[in-house]
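Have a look at the structure below, then the notes.
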Amino acid sequence: MSVTTAMLDNHPNDVIESDLITAAVDACFECAQACTACADACLAEEMVAELVRCIRSDLDCADVCAATGRVLTRQTAPDSNTLAALLAACITACSACADECESHEDMHEHCRICGEICRQCQEACRDLIQALA
Amino acid sequence: MSVTTAMLDNHPNDVIESDLITAAVDACFECAQACTACADACLAEEMVAELVRCIRSDLDCADVCAATGRVLTRQTAPDSNTLAALLAACITACSACADECESHEDMHEHCRICGEICRQCQEACRDLIQALA
Amino acid sequence: MSVTTAMLDNHPNDVIESDLITAAVDACFECAQACTACADACLAEEMVAELVRCIRSDLDCADVCAATGRVLTRQTAPDSNTLAALLAACITACSACADECESHEDMHEHCRICGEICRQCQEACRDLIQALA
Amino acid sequence: MSVTTAMLDNHPNDVIESDLITAAVDACFECAQACTACADACLAEEMVAELVRCIRSDLDCADVCAATGRVLTRQTAPDSNTLAALLAACITACSACADECESHEDMHEHCRICGEICRQCQEACRDLIQALA
(Lines give C-alpha, C1' and ligand atoms only; values in the text may rest on other atoms or scores of the structure.)
Protein backbone atom coordinates (compact mmCIF):
# COMPACT_ATOMS: atom_id res chain seq x y z
CA MET A 1 0.00 0.00 0.00
CA SER A 2 1.37 3.42 -0.96
CA VAL A 3 1.92 6.16 1.62
CA THR A 4 -0.71 8.32 -0.11
CA THR A 5 -3.28 5.53 0.23
CA ALA A 6 -2.32 4.81 3.84
CA MET A 7 -2.73 8.47 4.79
CA LEU A 8 -6.16 8.70 3.10
CA ASP A 9 -7.28 5.44 4.78
CA ASN A 10 -6.34 6.88 8.17
CA HIS A 11 -7.97 10.28 7.71
CA PRO A 12 -10.69 11.02 10.30
CA ASN A 13 -13.18 11.75 7.47
CA ASP A 14 -14.61 9.21 5.06
CA VAL A 15 -12.82 9.93 1.82
CA ILE A 16 -14.88 9.35 -1.33
CA GLU A 17 -13.20 8.38 -4.60
CA SER A 18 -10.01 7.67 -2.66
CA ASP A 19 -8.51 5.54 -5.47
CA LEU A 20 -8.91 8.36 -7.99
CA ILE A 21 -7.58 10.89 -5.47
CA THR A 22 -4.54 8.72 -4.73
CA ALA A 23 -3.85 8.37 -8.46
CA ALA A 24 -4.17 12.13 -9.06
CA VAL A 25 -2.07 13.10 -6.00
CA ASP A 26 0.72 10.70 -6.94
CA ALA A 27 0.59 11.84 -10.58
CA CYS A 28 0.83 15.51 -9.56
CA PHE A 29 3.86 14.99 -7.30
CA GLU A 30 5.57 12.80 -9.92
CA CYS A 31 4.86 15.35 -12.67
CA ALA A 32 6.18 18.24 -10.54
CA GLN A 33 9.42 16.28 -10.11
CA ALA A 34 9.71 15.21 -13.77
CA CYS A 35 9.04 18.75 -15.07
CA THR A 36 11.65 20.20 -12.69
CA ALA A 37 14.11 17.57 -13.95
CA CYS A 38 13.27 18.20 -17.62
CA ALA A 39 13.69 21.99 -17.29
CA ASP A 40 17.08 21.36 -15.68
CA ALA A 41 18.17 18.80 -18.29
CA CYS A 42 17.13 21.16 -21.12
CA LEU A 43 19.21 23.88 -19.44
CA ALA A 44 22.29 21.65 -19.66
CA GLU A 45 21.84 20.86 -23.37
CA GLU A 46 24.21 22.58 -25.82
CA MET A 47 21.18 23.62 -27.85
CA VAL A 48 19.50 25.29 -24.85
CA ALA A 49 18.52 28.29 -26.99
CA GLU A 50 16.16 26.01 -28.94
CA LEU A 51 14.62 24.60 -25.75
CA VAL A 52 13.47 27.87 -24.18
CA ARG A 53 9.80 27.13 -24.80
CA CYS A 54 10.18 23.68 -23.25
CA ILE A 55 11.89 25.04 -20.14
CA ARG A 56 9.13 27.62 -19.67
CA SER A 57 6.33 25.07 -19.97
CA ASP A 58 8.19 22.69 -17.63
CA LEU A 59 8.55 25.38 -14.96
CA ASP A 60 4.89 26.34 -15.16
CA CYS A 61 3.71 22.74 -15.14
CA ALA A 62 5.89 21.96 -12.10
CA ASP A 63 4.40 24.87 -10.15
CA VAL A 64 0.79 24.06 -11.06
CA CYS A 65 1.23 20.33 -10.32
CA ALA A 66 2.90 21.04 -6.97
CA ALA A 67 0.00 23.27 -5.88
CA THR A 68 -2.59 20.80 -7.19
CA GLY A 69 -0.90 17.87 -5.43
CA ARG A 70 -1.08 19.72 -2.11
CA VAL A 71 -4.70 20.85 -2.49
CA LEU A 72 -5.83 17.37 -3.61
CA THR A 73 -4.05 15.85 -0.61
CA ARG A 74 -6.30 17.78 1.78
CA GLN A 75 -9.61 16.10 2.71
CA THR A 76 -10.80 18.42 5.50
CA ALA A 77 -13.57 20.92 4.65
CA PRO A 78 -12.92 20.92 0.88
CA ASP A 79 -14.29 23.56 -1.49
CA SER A 80 -15.56 21.86 -4.64
CA ASN A 81 -15.28 25.00 -6.79
CA THR A 82 -11.62 25.52 -5.95
CA LEU A 83 -10.92 21.83 -6.55
CA ALA A 84 -12.63 21.82 -9.96
CA ALA A 85 -10.95 25.04 -11.13
CA LEU A 86 -7.52 23.90 -10.01
CA LEU A 87 -7.91 20.47 -11.63
CA ALA A 88 -8.89 22.25 -14.86
CA ALA A 89 -5.76 24.43 -14.63
CA CYS A 90 -3.61 21.38 -13.98
CA ILE A 91 -5.07 19.52 -16.97
CA THR A 92 -4.36 22.58 -19.15
CA ALA A 93 -0.79 23.01 -17.91
CA CYS A 94 -0.02 19.29 -18.31
CA SER A 95 -1.50 19.22 -21.79
CA ALA A 96 0.50 22.27 -22.88
CA CYS A 97 3.73 20.88 -21.45
CA ALA A 98 3.13 17.44 -22.99
CA ASP A 99 2.47 19.03 -26.41
CA GLU A 100 5.74 20.93 -26.16
CA CYS A 101 7.82 17.98 -24.89
CA GLU A 102 6.36 15.59 -27.48
CA SER A 103 7.19 17.98 -30.33
CA HIS A 104 10.92 17.23 -29.92
CA GLU A 105 10.85 13.92 -28.06
CA ASP A 106 12.97 12.25 -30.75
CA MET A 107 15.90 14.47 -29.86
CA HIS A 108 15.82 14.34 -26.06
CA GLU A 109 14.85 11.28 -24.05
CA HIS A 110 14.22 13.48 -20.97
CA CYS A 111 11.56 15.35 -22.94
CA ARG A 112 9.97 12.09 -24.12
CA ILE A 113 9.72 10.80 -20.54
CA CYS A 114 8.46 14.14 -19.25
CA GLY A 115 5.78 14.29 -21.95
CA GLU A 116 4.62 10.82 -20.95
CA ILE A 117 4.39 11.77 -17.25
CA CYS A 118 2.48 14.97 -18.13
CA ARG A 119 -0.07 12.91 -20.12
CA GLN A 120 -0.51 10.53 -17.17
CA CYS A 121 -1.11 13.48 -14.84
CA GLN A 122 -3.52 15.08 -17.31
CA GLU A 123 -5.52 11.82 -17.44
CA ALA A 124 -5.49 11.25 -13.67
CA CYS A 125 -6.82 14.78 -13.11
CA ARG A 126 -9.45 14.34 -15.82
CA ASP A 127 -10.62 11.03 -14.33
CA LEU A 128 -10.96 12.72 -10.94
CA ILE A 129 -12.76 15.81 -12.22
CA GLN A 130 -15.28 13.60 -14.05
CA ALA A 131 -15.93 11.49 -10.94
CA LEU A 132 -16.41 14.57 -8.76
CA ALA A 133 -18.74 16.36 -11.23
CA MET B 1 9.28 51.86 -8.81
CA SER B 2 8.57 48.41 -7.40
CA VAL B 3 10.95 45.49 -7.96
CA THR B 4 8.24 43.66 -9.92
CA THR B 5 7.90 46.63 -12.29
CA ALA B 6 11.67 47.06 -12.62
CA MET B 7 12.09 43.39 -13.55
CA LEU B 8 9.30 43.55 -16.16
CA ASP B 9 10.74 46.78 -17.61
CA ASN B 10 14.12 45.08 -18.04
CA HIS B 11 12.83 41.87 -19.58
CA PRO B 12 14.23 41.20 -23.08
CA ASN B 13 10.66 40.84 -24.43
CA ASP B 14 8.11 43.62 -24.79
CA VAL B 15 5.67 42.94 -21.99
CA ILE B 16 2.06 43.86 -22.76
CA GLU B 17 -0.31 44.90 -19.98
CA SER B 18 2.66 45.22 -17.66
CA ASP B 19 0.73 47.38 -15.14
CA LEU B 20 -1.98 44.75 -14.78
CA ILE B 21 0.62 41.97 -14.59
CA THR B 22 2.56 43.83 -11.88
CA ALA B 23 -0.65 44.34 -9.89
CA ALA B 24 -1.62 40.67 -10.20
CA VAL B 25 1.87 39.35 -9.38
CA ASP B 26 2.17 41.56 -6.29
CA ALA B 27 -1.37 40.65 -5.19
CA CYS B 28 -0.63 36.92 -5.55
CA PHE B 29 2.57 37.06 -3.49
CA GLU B 30 0.92 39.24 -0.83
CA CYS B 31 -2.11 36.92 -0.67
CA ALA B 32 0.10 33.82 -0.36
CA GLN B 33 1.80 35.47 2.62
CA ALA B 34 -1.42 36.71 4.26
CA CYS B 35 -3.17 33.34 3.88
CA THR B 36 -0.16 31.53 5.39
CA ALA B 37 -0.26 34.01 8.29
CA CYS B 38 -4.02 33.67 8.76
CA ALA B 39 -3.88 29.85 8.83
CA ASP B 40 -1.15 30.11 11.45
CA ALA B 41 -2.99 32.70 13.56
CA CYS B 42 -6.19 30.61 13.44
CA LEU B 43 -4.13 27.63 14.62
CA ALA B 44 -3.06 29.60 17.72
CA GLU B 45 -6.61 30.63 18.66
CA GLU B 46 -8.20 28.85 21.64
CA MET B 47 -11.26 28.19 19.48
CA VAL B 48 -9.18 26.52 16.74
CA ALA B 49 -11.77 23.74 16.42
CA GLU B 50 -14.23 26.31 15.06
CA LEU B 51 -11.67 27.66 12.56
CA VAL B 52 -10.88 24.41 10.74
CA ARG B 53 -12.69 25.48 7.57
CA CYS B 54 -10.82 28.81 7.57
CA ILE B 55 -7.43 27.13 7.99
CA ARG B 56 -8.18 24.77 5.11
CA SER B 57 -9.22 27.55 2.73
CA ASP B 58 -6.18 29.63 3.79
CA LEU B 59 -3.78 26.77 3.01
CA ASP B 60 -5.34 26.12 -0.40
CA CYS B 61 -5.43 29.81 -1.30
CA ALA B 62 -1.77 30.24 -0.28
CA ASP B 63 -0.72 27.34 -2.53
CA VAL B 64 -2.75 28.51 -5.55
CA CYS B 65 -1.60 32.14 -5.19
CA ALA B 66 2.06 31.10 -4.85
CA ALA B 67 1.87 29.06 -8.07
CA THR B 68 -0.05 31.80 -9.89
CA GLY B 69 2.42 34.48 -8.76
CA ARG B 70 5.31 32.46 -10.21
CA VAL B 71 3.59 31.65 -13.52
CA LEU B 72 2.45 35.28 -13.98
CA THR B 73 5.99 36.48 -13.29
CA ARG B 74 7.26 34.60 -16.35
CA GLN B 75 7.12 36.49 -19.68
CA THR B 76 9.10 34.13 -21.91
CA ALA B 77 7.14 31.92 -24.34
CA PRO B 78 3.85 32.08 -22.39
CA ASP B 79 0.94 29.70 -22.98
CA SER B 80 -2.31 31.67 -22.96
CA ASN B 81 -4.47 28.64 -22.12
CA THR B 82 -2.45 27.79 -19.01
CA LEU B 83 -2.47 31.42 -17.93
CA ALA B 84 -6.24 31.77 -18.33
CA ALA B 85 -7.01 28.50 -16.53
CA LEU B 86 -4.67 29.29 -13.65
CA LEU B 87 -6.04 32.83 -13.25
CA ALA B 88 -9.53 31.32 -13.13
CA ALA B 89 -8.42 28.88 -10.42
CA CYS B 90 -6.79 31.71 -8.46
CA ILE B 91 -9.95 33.83 -8.66
CA THR B 92 -11.99 30.87 -7.39
CA ALA B 93 -9.61 30.06 -4.52
CA CYS B 94 -9.40 33.73 -3.45
CA SER B 95 -13.17 34.12 -3.60
CA ALA B 96 -13.75 30.97 -1.51
CA CYS B 97 -11.15 32.02 1.07
CA ALA B 98 -12.52 35.58 1.27
CA ASP B 99 -16.06 34.24 1.76
CA GLU B 100 -14.85 32.06 4.63
CA CYS B 101 -12.71 34.76 6.29
CA GLU B 102 -15.43 37.40 5.97
CA SER B 103 -18.00 35.11 7.62
CA HIS B 104 -16.24 35.54 10.99
CA GLU B 105 -14.25 38.73 10.46
CA ASP B 106 -15.89 40.37 13.49
CA MET B 107 -14.22 37.86 15.80
CA HIS B 108 -10.68 37.79 14.37
CA GLU B 109 -8.90 40.79 12.92
CA HIS B 110 -6.43 38.48 11.11
CA CYS B 111 -9.36 36.95 9.22
CA ARG B 112 -10.74 40.39 8.35
CA ILE B 113 -7.38 41.50 6.94
CA CYS B 114 -6.90 38.20 5.10
CA GLY B 115 -10.37 38.44 3.55
CA GLU B 116 -9.54 41.93 2.30
CA ILE B 117 -6.26 40.78 0.72
CA CYS B 118 -8.02 37.81 -0.93
CA ARG B 119 -10.59 40.18 -2.49
CA GLN B 120 -7.79 42.41 -3.81
CA CYS B 121 -6.08 39.41 -5.36
CA GLN B 122 -9.36 38.14 -6.82
CA GLU B 123 -9.90 41.56 -8.46
CA ALA B 124 -6.33 41.92 -9.74
CA CYS B 125 -6.56 38.48 -11.38
CA ARG B 126 -9.98 39.28 -12.84
CA ASP B 127 -8.72 42.59 -14.28
CA LEU B 128 -5.83 40.76 -15.89
CA ILE B 129 -7.91 37.89 -17.28
CA GLN B 130 -10.30 40.40 -18.87
CA ALA B 131 -7.46 42.38 -20.44
CA LEU B 132 -5.84 39.24 -21.85
CA ALA B 133 -9.10 37.79 -23.25
CA MET C 1 13.21 1.97 -13.18
CA SER C 2 11.70 4.98 -11.41
CA VAL C 3 10.99 8.23 -13.24
CA THR C 4 13.52 10.04 -11.02
CA THR C 5 16.22 7.55 -12.03
CA ALA C 6 15.27 7.69 -15.70
CA MET C 7 15.49 11.49 -15.71
CA LEU C 8 18.92 11.45 -14.00
CA ASP C 9 20.19 8.77 -16.42
CA ASN C 10 19.17 10.96 -19.37
CA HIS C 11 20.62 14.21 -18.06
CA PRO C 12 23.29 15.70 -20.37
CA ASN C 13 25.74 15.84 -17.44
CA ASP C 14 27.33 12.87 -15.72
CA VAL C 15 25.51 12.67 -12.41
CA ILE C 16 27.62 11.44 -9.50
CA GLU C 17 26.03 9.60 -6.58
CA SER C 18 22.86 9.23 -8.65
CA ASP C 19 21.50 6.41 -6.45
CA LEU C 20 21.76 8.55 -3.33
CA ILE C 21 20.29 11.55 -5.15
CA THR C 22 17.35 9.48 -6.42
CA ALA C 23 16.71 8.19 -2.90
CA ALA C 24 16.84 11.69 -1.40
CA VAL C 25 14.69 13.28 -4.13
CA ASP C 26 12.02 10.58 -3.82
CA ALA C 27 12.12 10.80 -0.01
CA CYS C 28 11.69 14.60 -0.11
CA PHE C 29 8.68 14.50 -2.44
CA GLU C 30 7.09 11.65 -0.44
CA CYS C 31 7.69 13.47 2.85
CA ALA C 32 6.22 16.73 1.49
CA GLN C 33 3.07 14.78 0.57
CA ALA C 34 2.86 12.83 3.85
CA CYS C 35 3.35 15.97 5.99
CA THR C 36 0.68 17.83 4.02
CA ALA C 37 -1.65 14.85 4.58
CA CYS C 38 -0.81 14.61 8.30
CA ALA C 39 -1.44 18.33 8.91
CA ASP C 40 -4.79 17.94 7.17
CA ALA C 41 -5.74 14.78 9.06
CA CYS C 42 -4.81 16.42 12.40
CA LEU C 43 -7.00 19.36 11.43
CA ALA C 44 -9.99 17.00 11.06
CA GLU C 45 -9.48 15.35 14.47
CA GLU C 46 -11.91 16.30 17.25
CA MET C 47 -8.93 16.96 19.51
CA VAL C 48 -7.35 19.38 17.00
CA ALA C 49 -6.50 21.81 19.83
CA GLU C 50 -4.03 19.23 21.18
CA LEU C 51 -2.44 18.73 17.75
CA VAL C 52 -1.47 22.33 17.03
CA ARG C 53 2.24 21.65 17.48
CA CYS C 54 2.04 18.67 15.12
CA ILE C 55 0.23 20.66 12.43
CA ARG C 56 2.85 23.40 12.64
CA SER C 57 5.78 21.01 12.31
CA ASP C 58 4.03 19.19 9.44
CA LEU C 59 3.52 22.43 7.51
CA ASP C 60 7.15 23.51 7.97
CA CYS C 61 8.50 20.08 7.06
CA ALA C 62 6.33 19.95 3.92
CA ASP C 63 7.67 23.33 2.77
CA VAL C 64 11.32 22.50 3.45
CA CYS C 65 11.06 19.05 1.81
CA ALA C 66 9.33 20.48 -1.27
CA ALA C 67 12.11 23.05 -1.75
CA THR C 68 14.83 20.47 -1.08
CA GLY C 69 13.27 17.99 -3.51
CA ARG C 70 13.34 20.60 -6.28
CA VAL C 71 16.89 21.78 -5.60
CA LEU C 72 18.20 18.19 -5.38
CA THR C 73 16.48 17.36 -8.67
CA ARG C 74 18.63 19.93 -10.49
CA GLN C 75 22.02 18.71 -11.79
CA THR C 76 23.07 21.69 -13.90
CA ALA C 77 25.71 24.05 -12.45
CA PRO C 78 25.09 23.09 -8.81
CA ASP C 79 26.35 25.12 -5.84
CA SER C 80 27.71 22.76 -3.20
CA ASN C 81 27.30 25.27 -0.34
CA THR C 82 23.60 25.78 -1.05
CA LEU C 83 23.08 22.04 -1.39
CA ALA C 84 24.83 21.28 1.93
CA ALA C 85 22.99 24.02 3.84
CA LEU C 86 19.61 23.01 2.45
CA LEU C 87 20.20 19.31 3.18
CA ALA C 88 21.10 20.30 6.75
CA ALA C 89 17.87 22.31 7.05
CA CYS C 90 15.86 19.41 5.65
CA ILE C 91 17.43 16.96 8.10
CA THR C 92 16.59 19.33 10.97
CA ALA C 93 12.99 19.88 9.85
CA CYS C 94 12.40 16.14 9.30
CA SER C 95 13.91 15.29 12.68
CA ALA C 96 11.76 17.89 14.49
CA CYS C 97 8.60 16.72 12.72
CA ALA C 98 9.38 13.04 13.38
CA ASP C 99 9.97 13.78 17.09
CA GLU C 100 6.61 15.52 17.30
CA CYS C 101 4.67 12.87 15.33
CA GLU C 102 6.27 9.99 17.25
CA SER C 103 5.33 11.57 20.60
CA HIS C 104 1.65 10.76 19.99
CA GLU C 105 1.86 8.01 17.37
CA ASP C 106 -0.15 5.63 19.56
CA MET C 107 -3.20 7.86 19.22
CA HIS C 108 -3.12 8.66 15.51
CA GLU C 109 -2.01 6.24 12.82
CA HIS C 110 -1.51 9.15 10.37
CA CYS C 111 1.07 10.62 12.76
CA ARG C 112 2.80 7.25 13.11
CA ILE C 113 3.10 6.88 9.34
CA CYS C 114 4.20 10.51 8.90
CA GLY C 115 6.88 10.11 11.59
CA GLU C 116 8.21 7.06 9.77
CA ILE C 117 8.36 8.90 6.43
CA CYS C 118 10.12 11.87 8.07
CA ARG C 119 12.78 9.53 9.50
CA GLN C 120 13.32 7.97 6.07
CA CYS C 121 13.76 11.42 4.53
CA GLN C 122 16.11 12.48 7.33
CA GLU C 123 18.26 9.39 6.67
CA ALA C 124 18.24 9.76 2.88
CA CYS C 125 19.38 13.38 3.21
CA ARG C 126 22.05 12.42 5.76
CA ASP C 127 23.37 9.65 3.49
CA LEU C 128 23.62 12.12 0.63
CA ILE C 129 25.26 14.89 2.65
CA GLN C 130 27.90 12.42 3.88
CA ALA C 131 28.62 11.18 0.36
CA LEU C 132 28.94 14.71 -0.99
CA ALA C 133 31.19 15.96 1.84
CA MET D 1 1.43 49.55 8.04
CA SER D 2 2.31 46.59 5.84
CA VAL D 3 0.08 43.51 5.65
CA THR D 4 2.89 41.39 7.12
CA THR D 5 3.11 43.69 10.14
CA ALA D 6 -0.66 43.84 10.56
CA MET D 7 -0.91 40.05 10.56
CA LEU D 8 1.89 39.71 13.14
CA ASP D 9 0.29 42.39 15.34
CA ASN D 10 -2.98 40.48 15.31
CA HIS D 11 -1.53 37.05 16.00
CA PRO D 12 -2.89 35.46 19.22
CA ASN D 13 0.70 34.96 20.47
CA ASP D 14 3.11 37.69 21.53
CA VAL D 15 5.58 37.85 18.66
CA ILE D 16 9.13 38.73 19.66
CA GLU D 17 11.46 40.53 17.24
CA SER D 18 8.45 41.27 15.04
CA ASP D 19 10.24 44.07 13.14
CA LEU D 20 13.08 41.75 12.16
CA ILE D 21 10.62 38.99 11.28
CA THR D 22 8.58 41.35 9.10
CA ALA D 23 11.74 42.49 7.33
CA ALA D 24 12.90 38.92 6.72
CA VAL D 25 9.47 37.67 5.58
CA ASP D 26 9.04 40.55 3.14
CA ALA D 27 12.61 40.12 1.87
CA CYS D 28 12.06 36.38 1.28
CA PHE D 29 8.84 36.85 -0.70
CA GLU D 30 10.38 39.72 -2.72
CA CYS D 31 13.51 37.66 -3.43
CA ALA D 32 11.45 34.63 -4.51
CA GLN D 33 9.67 36.87 -7.01
CA ALA D 34 12.81 38.64 -8.26
CA CYS D 35 14.72 35.36 -8.73
CA THR D 36 11.79 33.84 -10.64
CA ALA D 37 11.75 36.96 -12.83
CA CYS D 38 15.53 36.93 -13.36
CA ALA D 39 15.56 33.24 -14.37
CA ASP D 40 12.80 34.00 -16.86
CA ALA D 41 14.51 37.12 -18.24
CA CYS D 42 17.81 35.22 -18.65
CA LEU D 43 15.88 32.53 -20.53
CA ALA D 44 14.70 35.15 -23.04
CA GLU D 45 18.19 36.55 -23.69
CA GLU D 46 19.86 35.65 -26.99
CA MET D 47 22.94 34.62 -25.04
CA VAL D 48 20.97 32.22 -22.83
CA ALA D 49 23.70 29.58 -23.18
CA GLU D 50 26.03 31.85 -21.21
CA LEU D 51 23.43 32.41 -18.47
CA VAL D 52 22.81 28.78 -17.51
CA ARG D 53 24.58 29.13 -14.16
CA CYS D 54 22.57 32.27 -13.36
CA ILE D 55 19.26 30.58 -14.20
CA ARG D 56 20.14 27.62 -11.98
CA SER D 57 21.05 29.78 -8.99
CA ASP D 58 17.91 31.89 -9.51
CA LEU D 59 15.66 28.82 -9.49
CA ASP D 60 17.27 27.43 -6.33
CA CYS D 61 17.19 30.78 -4.56
CA ALA D 62 13.50 31.26 -5.45
CA ASP D 63 12.62 27.85 -3.99
CA VAL D 64 14.60 28.34 -0.77
CA CYS D 65 13.27 31.90 -0.24
CA ALA D 66 9.67 30.79 -0.84
CA ALA D 67 9.98 28.03 1.78
CA THR D 68 11.76 30.33 4.23
CA GLY D 69 9.16 33.08 3.79
CA ARG D 70 6.38 30.63 4.67
CA VAL D 71 8.16 29.11 7.68
CA LEU D 72 9.13 32.57 9.05
CA THR D 73 5.52 33.72 8.64
CA ARG D 74 4.36 31.09 11.15
CA GLN D 75 4.43 32.10 14.83
CA THR D 76 2.58 29.17 16.38
CA ALA D 77 4.66 26.53 18.20
CA PRO D 78 7.93 27.32 16.39
CA ASP D 79 10.95 25.02 16.40
CA SER D 80 14.10 27.10 16.88
CA ASN D 81 16.42 24.48 15.33
CA THR D 82 14.41 24.31 12.10
CA LEU D 83 14.24 28.10 11.94
CA ALA D 84 17.99 28.53 12.43
CA ALA D 85 18.92 25.85 9.90
CA LEU D 86 16.52 27.20 7.29
CA LEU D 87 17.71 30.79 7.78
CA ALA D 88 21.29 29.54 7.31
CA ALA D 89 20.27 27.79 4.07
CA CYS D 90 18.50 30.92 2.86
CA ILE D 91 21.54 33.09 3.60
CA THR D 92 23.72 30.62 1.65
CA ALA D 93 21.36 30.44 -1.34
CA CYS D 94 20.97 34.24 -1.48
CA SER D 95 24.72 34.78 -1.21
CA ALA D 96 25.43 32.27 -4.01
CA CYS D 97 22.78 33.80 -6.27
CA ALA D 98 23.96 37.35 -5.57
CA ASP D 99 27.57 36.35 -6.36
CA GLU D 100 26.45 34.89 -9.67
CA CYS D 101 24.16 37.80 -10.64
CA GLU D 102 26.76 40.42 -9.67
CA SER D 103 29.42 38.74 -11.81
CA HIS D 104 27.63 39.87 -14.98
CA GLU D 105 25.48 42.75 -13.71
CA ASP D 106 27.02 45.14 -16.22
CA MET D 107 25.45 43.21 -19.08
CA HIS D 108 21.95 42.61 -17.73
CA GLU D 109 20.03 45.08 -15.60
CA HIS D 110 17.67 42.28 -14.44
CA CYS D 111 20.69 40.48 -12.97
CA ARG D 112 21.89 43.66 -11.28
CA ILE D 113 18.51 44.22 -9.63
CA CYS D 114 18.19 40.55 -8.68
CA GLY D 115 21.65 40.55 -7.10
CA GLU D 116 20.66 43.60 -5.02
CA ILE D 117 17.45 41.94 -3.81
CA CYS D 118 19.36 38.74 -2.93
CA ARG D 119 21.83 40.79 -0.82
CA GLN D 120 18.93 42.47 1.00
CA CYS D 121 17.37 39.10 1.76
CA GLN D 122 20.72 37.69 2.88
CA GLU D 123 21.11 40.61 5.31
CA ALA D 124 17.54 40.46 6.61
CA CYS D 125 17.95 36.75 7.35
CA ARG D 126 21.33 37.34 9.00
CA ASP D 127 19.91 40.12 11.19
CA LEU D 128 17.12 37.80 12.29
CA ILE D 129 19.35 34.79 12.94
CA GLN D 130 21.63 36.95 15.12
CA ALA D 131 18.70 38.33 17.12
CA LEU D 132 17.25 34.86 17.68
CA ALA D 133 20.59 33.28 18.70
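Here the chain labels run A, B, C and D in written order, and each chain numbers its own residues starting at 1.
The criterion applied here is as follows: contacts are C-beta pairs under 8 Å (C-beta built on N, C-alpha and C of every residue); 3 or more make two chains touch, one makes a residue touch a chain.
Being a predicted model, the structure only gives us computed values, none of them experimental.
Student: Give me the step distance from subunit B to subunit C, shortest route via touching chains only.
Tutor: 1
Student: Determine, using the mean of C-alpha atoms as each chain's centre, which chain is farthest from subunit C.
Tutor: B
Student: What is the distance, in whole Å, between the centres of subunit C and subunit D, each centre taken as the mean of its C-alpha atoms?
Tutor: Result: the chain centres lie 21 Å from each other.
Student: Could you state the distance in Å from the CA-based centre of subunit A to that of subunit D?
Tutor: 27
Student: Multi-chain contacts in subunit B: which residues touch at least two other chains?
Tutor: In subunit B, residues 40, 43-44, 46, 52, 56, 59, 66, 70, 74, 76-77 touch at least two other chains, as defined above.
Student: Quick one: in the complex, what on subunit C touches subunit B?
Tutor: Per the stated touch rule, the residues are 39-40, 43-44, 46, 48-49, 52, 55-56, 59.
Student: Which of the residues in subunit B end up touching subunit D in this complex?
Tutor: Interface residues on subunit B, with respect to subunit D: 3-4, 6-8, 10-13, 25, 29-30, 32-34, 36-38, 40-41, 43-46, 62, 66, 69-70, 73-77, 108-110, 113-114, 117.
Student: Under the touch definition given earlier, write down the residues of subunit A that touch subunit B in their complex.
Tutor: For this pair, the touching residues of subunit A are 52-53, 56-57, 59-60, 63-64, 66-67, 70-71, 74, 76-79, 81-82, 85-86, 88-89, 91-93, 95-96.
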